[in-house]
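The two complexes that follow have chain A in common; it is paired with chain B in the first and with chain C in the second.
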Partner chain A sequence: MAQRTYPAELDSLEDMLEFINEVMVQLGADRERLFKVRLAAEELLVNIIHYAYPDSHGELSIDCSKAEQGEPGVFIEIRDAGIPFNILEKQEPDITQPMEDREIGGLGIFLTRQVMDEISYEREDGQNIVRMVKRL
Partner chain B sequence: MELQLQMELDEGTAKIRLGGRLDATNAPAFQEELKKLIGKDVSKIVFFSEDLEYIASAGLRVMIFAKQRIGMNAQVYLIGAQQTVLDVIKMSGLDTFMTIQDSFDQKTQ
Partner chain C sequence: MEISVSEQYGLPVVKMSGDLDSTSASQAEQEIFSSIDLKTQLVLDMTDCRYISSAGLRVLLMVCKQLKAQGGTWALAGGSEEIIDIMDMTGFSTFFTIFTTVEQAAESLSKQ
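Presenting the complex of A and B:
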């Protein structure tokens, strides 16, 4: 399993997404899935970067590898040691609202959930752990 | 990859050309550019997106910002978007509120 640790900062976002991209290319992901998982990962990582460490600098780690179970797929696990934050409890946006009435926020994680085939959240040993799978 | 951005205001039509990637790292700079249009007379906001390869929610939020701050009554156009970009627009439900065209035709809506 390939694992990397990064400062939880926007400056590292590109490196994080490139790492996931590389693993997915090795697993034979097509262009559409590369695009969609990049989107799902970006939305999740940006949320962690913005909310996990409100008063300090922290890190996050990414495991990215072949899904162990089921149909061929990519497994991504993201851990941070920030404040407890269950992204799956984040309120979903009302996507039927016209643009002029839209509230800013919530859209990112909504997209992550739309794109990924499986997603779970756990708080364990002082860490937020999000695990997700995209079938290839 | 960087975002490529060109913007001009042509008789009430804001023409915005996007290329590359529009993501959380460059959306704030894009939003700053769009602020130049606040207070101007804008009836159409046109995003030319043929060369846009990627968009994330941060980019969608800037499009929503454009509508809310530049022209509440302006018509928003999305021109020539690639399928992957169009998929994100559709997932977010914004396609219902935009005029989506292969090439810009301001006579039809």
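Presenting the complex of A and C:
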């Protein structure tokens, strides 16, 4: 399993996404899946970068590899040691509201959940752990 | 991400090229907003936009809200299958009429 650790900063985002993209390309992902996994990862990573470490600089780690179980797919695990945040409990935006009533923001985690095939959250040893799978 | 503003078919066109994401959104927002002040008709050209995330959607929503407040009308041109897919998923496709080309978008606005 390929694992990398990064400072939880916007300046590192491109490197993080590039790492995931490289693994995806090696696994033979098509254009649509590259797009969707990049989106899911960006939303999740930006959320950690913005909110996980309000008073300090922290790190996050990314594991990205071939899914071990089930149909061919990519497995991504993202860990941070920031404040507890269960992405599965975040309220979903009302996407049926007209434009005038739509709030600016709140779509990120919703998109992550929409585009991935499997997603789980665990708080363990002081870490937020999100595991996701996209079938290829 | 590159933002360029031009006039095509008699209408202002804001062209977004590249990736409209968390790293480019705030610059895109500034550049677009500096050029849409008082505009009442606008074509958003996404023909060469390859990728969009929620940060980019946020910019589009703000632009639409601003145009609406100015009593304006707007249309979107282009947008890859993946981008339209994301707009469908988030309900954003109801915020725009989406055309294949800038010409079609401009023609539709001109008739309004």
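Going forward, the second predicted complex is superposed on the first by the 136 of 136 C-alpha atoms of A that agree within 3 Å, B and C clash if a C-alpha of one lies under 4 Å from a C-alpha of the other, contacts with A are read in each partner's own complex, and residues count from 1 in each chain.
By definition in this document, a residue touches a chain if its C-beta (ideal position, glycine included) is under 8 Å from a C-beta of that chain, and two chains touch if they have at least 3 such contacts.
Please read these numbers as outputs of a predicted model, since none were measured by experiment.
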*With the two complexes overlaid on their shared chain, look at chain A and say whether chain B and chain C clash or fit.*
clash
*Identify the partner contact of A:A81: answer first if only chain B is touched, second if only chain C is, both if each is, neither if none is.*
neither
*Which partner does A:I129 reach: the first (chain B), the second (chain C), both, or neither?*
neither
*So, does A:M99 touch the first partner chain B, the second partner chain C, both, or neither?*
both
*asked:* Per the contact definition in the header, classify A:L13: touching chain B only (first), chain C only (second), both, or neither.
replied: both
*Overlap of the chain B and chain C footprints on chain A, listed as residue numbers*: 10, 13-14, 31-32, 35-36, 38-39, 42-43, 46, 93, 95-100, 102, 104, 107-108, 110-111, 114-115
*Inside the complex, what are the residues of chain A that reach chain C?*
10, 13-14, 31-32, 35-36, 38-39, 42-43, 46, 93, 95-100, 102, 104-105, 107-108, 110-111, 114-115
*Inside the complex, what are the residues of chain B that reach chain A?*
23-25, 54, 56-58, 60-61, 63-65, 67-68, 72, 76, 84, 87-88, 91-94, 96-98
*Over in the complex, which chain C residues touch chain A? Could you list them?*
21-23, 51, 53-55, 57-58, 61-62, 64-65, 68, 81-82, 85-86, 89-91, 94-95
*Along chain A, where are the residues that touch chain B in the complex?*
10, 13-14, 31-32, 35-36, 38-39, 42-43, 46, 93, 95-100, 102, 104, 107-108, 110-111, 114-115
